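Next, two complexes with chain A in common: one pairs it with chain B, the other with chain C.
What follows is the complex of A and B.
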C-alpha cells in the first residue's frame, strides 16, 4: 500500500463538508433558539446545559476511566458554594470565581481519588457516597456556608463576569443562556479532544485492563487521581452555574439523590461516549422536570395522586420521579448497556444498510 | 559480548507458605533470545511479574543495563525500556487496534491535559504529535500485517490476531527488552511458524533482546540462544536448547519419574 494516509482524519471532529454544514447549522440554531421560545423553555435549556457539563465530567470518570462515583453532588455543592462565596466575600469577578471554585472542586476530586487507588467497584461506591454526604453535612453546620438556611446568590453583572462589579445585571434566562451555553460547549469540546489524545487513551486503558496499562508505562496513581480531578472540575463548574441559575442554594439541594441523578445521566446517555453524555444530560433533565409535575398530567396524574395518597408515604408523589428513573436505569442496563448512544449507533447502521 | 544486559540474581518470592521462586538466577546477553521452560505452575510467569514490577520479590536483585530495578513500579520499569505480553491476553478490548498500539507509545508522547483538550487545528502541537506517532504505529501495523484489523475493536478479533496486536503494542513502546509470555499458545502450527519468523525479525532487525516463556519445544529449539528450565520455582538447568532438552532432570520434570522409567524400558 503506497497510499499516503492523512492521520489527522483519525482525530478530527468533522471530517466532511456535510458534517461541517450540520455542525454550523446546530450552532446557529442554538444561538437563535432563546429568541424563539418562551422564557421557561430557555430556563430548561440552561438547566440542560448545566447537566450536560455534569454528565460529560462524570462520564470521563465512570465511562472512560471505569471508576464509579456516587458522590458527585458533593463536587457540585463545592462548585456552587465556592463560586457564591468568592463573589460575595472576596468580590472576585464571576468567571474567576467560577474557575477558582472548580479548581477547589478538582482538588477535592484529587483527594477522593487517593482512596480510589485501592478501592474498586462497590467499595469505591461506598467511599464516594460517604464523601458526598459528608460535604452536605459540613456545609449545613458551618455558618460561613449559611448553614441550613442556605445562601442567596447575587446575579452576576455583564461587566462583573470579568471585572469585579458593574451595573448591567444578568438576570433573565435568556441572558444566562448566553453565559451557560458557551461554557458547556467549550467544556464538551475539550472533553472530546482530551479523550482522543494521550490522557484519554490512558483513562480507557485503565478501565479495560489496569495491569496492561501499568506495564505499558501508564502511571496509575497519576491518571486515576487525574480522572477524579478533571471530573470534579467539570462538576464544580456546573455547580457554580447552577447557583446563579437557581438564585438560592442550601444543603438539601445537593442530596444523595442528586448524585444518583448524575449517574443516571451517564448510564442513560451511554457510558464512555461524549455524545451520549450530551443526550443523557438533555433527555434526563427534561424527564426529571416533567416527572416533578406528574400530578398535572391528564388522567394519569389523578390516578397516581390517588394511588400515592392511599399506599405511599406522606411525601408519596415525588417518589414517582425516583421510581421511574430507577426503572429506566435498570431497563437500560439490562437491554442497552450503551444507553441512548447505543440506540443512536444502531439507528445509524440501520439507515446505512436500509432497505436490506 | 555484554553478559550483564539483564541479570537476575537469587530471585526469591513466596505467597503464603508457598515458595513460588527459590533463588532463581540467570543472565541474558544483549540482542539474544533467552527462553524459560518448565511445567505448569513452575513459576515462569512469576519471574516476568517480578521483572516488570507487578510483584515485589522477597529477596534477590534484578539488574537491567547495570541499574537495579528490583521493586520499582511497573510504569517506571516500562520507561526503562522493558515491555511485555501476557499469557492470557490483556488488551484494551474497547479500543481499536490503532488505539491499542498508540497506548503502547504512551511514554513517548508528551501531550498533557491542556494541550490535549485544546487542539482544534491540524497545526496545533497535540494534533501534530498524534499524527507523528500514528505514522510510527503504522510501521508496526505493516510489520505484523495487521492492516485489516487497523480500525476494529480488538475485543472481537480472532485470538491469534489479538496475540499479534499485543506483541505490536509491546513493540510500540520501543523496548530494549521484550518479555513474551507464551506467545504461541493457542496458535495453529502455521501461525506458530510465522510467529517464529517475527520473533527472529524483532531480534535481528530491531535489535531487541527477548526473554521468552514457551511450552512449544519446537519454537524454543528454533529460536532460543539459551534456555533455562525451572520446576517448583527452582532452576534445574541452563544451557543451549539441545542440552536442556535432553537433560534427564528436565525430562523427569515434564514426564514424571515413573513414566520416564516406562519409556526407558
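What follows is the complex of A and C.
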C-alpha cells in the first residue's frame, strides 16, 4: 500500500489507471459472459450475484459493525414474499415492488436493531435467531403468504419492471442476468463507497469498541440500527431477486440453515471486506450447487456412491453437501480467520516481493 | 386442562432445562454458545439406536455406550477444532460450533437417511397414571425424575468433587486457576465431555416422544438455548428454571391461545425478556471495560 497524502485519495473509487483498466475489463466481460456460456451457467451466475448481494449486506453488519446475525434468512424471506405479494396483489411494477419489499425488510432490520442496542454475543445471536425462526413460522402459517404450499412467482415483463403491465416476459436466464447483475453491481459499489464515508467509519468504530466509539461521539442508537437496516435492505433485495430466479417460494427455503449459509459466505470470503464478500458469495454458491449433485461429479461421484452403498445410505448422499460446507467453515475459521480475502492479500504480498 | 398442560409443559421443560444446563456449562468455561450441542446429542442418540437395533445390545448397555460416545465427541470438538482456532473470539468460536453442527447433521443424514425411526425405550409413553383431572405417562415421570436426579448429581459434582471445583475455578479465572496448578486445558476437555453427556441424556429422553431422525434436536436445541439465555447464560439454576418456564409458557400458550404459533412463542418470550433484562432473568448485568 502506498501512502495516502490527502482525503480525496482515500475516498476515490479506484486509485490507479491500471485499476481503471481492469475495472472496465471486468464490466465488459460481465456483459459478454452470458453470450459465451450455456444457459445453466448463466443461471449459476444469477444465483452467485444474488448471494453476493446477501454476502455484502451481511458483511456490513457482521464484518464492519461487529454484530452477529443468525436471522438473515428472515430478511431474505421478507424480501421475496413482499416482492411477490406486491406484484400479484397490488400490481406494482417489479422494480418498485422490489424496492418496497427491501424497505419493509429494512424496517424489520431497524426493529431488530433496537434490542441489539443492549445485547451482545450469545444474547444477540439468540435474538436474531429467534427473529429468523419467527418469520419462517409466521409465513408458514399465515394464509396470505400461501402457507406451507408457498407462492408461485409471476415472471416480470420488460415494461413491467417500471410500469404496471407489459407483454415481453423476462423468463430466460440470460434476460434475468441483465436484471440481476446490474442491481448486484450497483449495490456492491454502493457498499464499497459507503464504507469510505462517515457512516462506514462509524460502523468500524462500533465494531472495534462500541463504548469507545460512543465516547468519541458516534451515536450508537442511530448507527447500530442503521447497520441492521442497511444489511436487511440488501438481503431483502436479494430475496426479491431470488424469488423471480427460482419462480416458486415456500417457507422451507428460508430455514435456519440458510442463515448459516449466509454467514458462511461472509466468513469464507473474509470479514470486513467487500471484495471478500464477492469471493465468498461466488465460491460458496458454486460449491453449494455442485455439491447438491455430488453423485454426478466425475470419478468422485461413483466412488462416493459405492462407499455409501456399502457403509452409509444412498438416499442420504446429498447430505455430503452439509458435511463439506461445515468442514469448510471450520477449517477457514481455524486456519485463516480472514477467509479468502486474507489468502488473496498474502498472495499479493508474496508476488510483490517475489523472488524474496 | 390447566394441570394437564402444566404437566406436559414440565416434562418438555425438563428437556429444555437439560440442554440449557449443558450449554451454560460450556458457556461459562469457553465463552461460546455451543450450537453443535443439539446435533451432538442427536448423533449420540443415533448411536444408542444403532447399538440397540443393529447390534442387539440391551438398553442399559446401549445407553451407556451412547454416553461414552457423547463424551468422546465433546472432547473431540474441543481438542481438535476449538483449541486450534487461530483467532478465538466469540464469533469465530460460534462459527466453529455451527460448522460442526452441519458436519454432524450431514453425517447422520448420510448414514441414516431421513427415515423416521423409533427408539425402543423401556418406559412407555402410553402407560399412564391418573392425577385427578390430568394424566401423566410413565415416560413423563421418568423424564422428570431423571432430570431432577441429574441436576442433583451435578450440584453435588460442582460442590464436592475436586474436578467440579477445578471447573468452577477455571470458569471464574483461567489464569489464576492455572497458577494454582489446575491443568485448565484438561478441565476444558472434561467440561465439553460433561456437557455433551448431559445433552445426550436429553436426546435419548426426547427420542421416544418425538421421532428419531436427523432433525430430532433442531428445535429443542434452539429452545434449550433460549432457556439458557432466559436464565442468564451464566447461572446453572437460572438455566434450569428458564427451561421449565419456557416449557410451561409454551404449553399454556399452545393450549389456550393458539396451537399453530406454539413454537414461535418461545422465541417471542426471549426477545421480550431480553428487551427488558439484557442479561437474562437470573444473572447480574455484565460490566465491561473498553
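Here is the rule we go by: the second predicted complex is superposed on the first by the 334 of 356 C-alpha atoms of A that agree within 3 Å, B and C clash if a C-alpha of one lies under 4 Å from a C-alpha of the other, contacts with A are read in each partner's own complex, and residues count from 1 in each chain.
Throughout what follows, a contact is a pair of C-beta atoms (placed from the backbone, for glycine too) under 8 Å apart; a residue touches a chain by one contact, two chains touch by 3 or more.
Values in this document were obtained by computation on a predicted structure and should not be read as measured data.
In the superposed model, A:217 lies in contact with chain B only, and not with chain C. In the superposed pair of complexes, A:115 makes contact with chain C only, with no contact to chain B. Within the superposed three-chain arrangement, the count of touched residues of chain A is higher for C, of the candidates chain B and chain C. In the superposition on chain A, A:260 makes contact with chain C only, not with chain B. Once the two complexes are laid over each other on the shared chain, residue contacts for A:200 go to chain B alone; chain C is not touched. In the superposition on chain A, A:299 makes contact with neither chain B nor chain C. In the superposition on chain A, contact is made by A:330 with chain C only, not with chain B. Once the two complexes are overlaid on the shared chain, A:230 sits against chain B while remaining clear of chain C. In the superposition on chain A, A:190 contacts chain B only, with no contact to chain C. When the two structures are aligned on the shared chain, A:11 is found in touch with chain B, with no touch to chain C.
Residues 209, 211-212, 215 of chain A contact both chain B in one complex and chain C in the other. On the chain C side of its complex with chain A, the touching residues are 27, 31-33, 81, 84-87, 90-92, 94-96, 98-114, 218, 222, 225-226, 229, 233, 260-261, 263-264, 266-268, 270-271, 274-275, 278-280, 288, 290. Per the touch definition, chain A reaches chain B in the complex via residues 1, 5, 7-8, 10-12, 189-191, 193-194, 196-202, 204-205, 207-209, 211-220, 226, 230, 272. Residue ranges on chain A touching chain C, taken from their complex, read 62, 68, 114-115, 118-119, 121-123, 125-127, 129-131, 133-134, 137-138, 141, 209, 211-212, 215, 256-257, 260, 263, 267, 271, 308, 311-313, 315-317, 319-330, 333-337. Residues of chain B touching chain A in their complex: 52-54, 73-75, 77-79, 83-84, 86, 90-95, 98-99, 102-104, 106-107, 109-113, 116-120, 122, 126-127, 130-131, 134-135, 138, 147, 169-170, 173.
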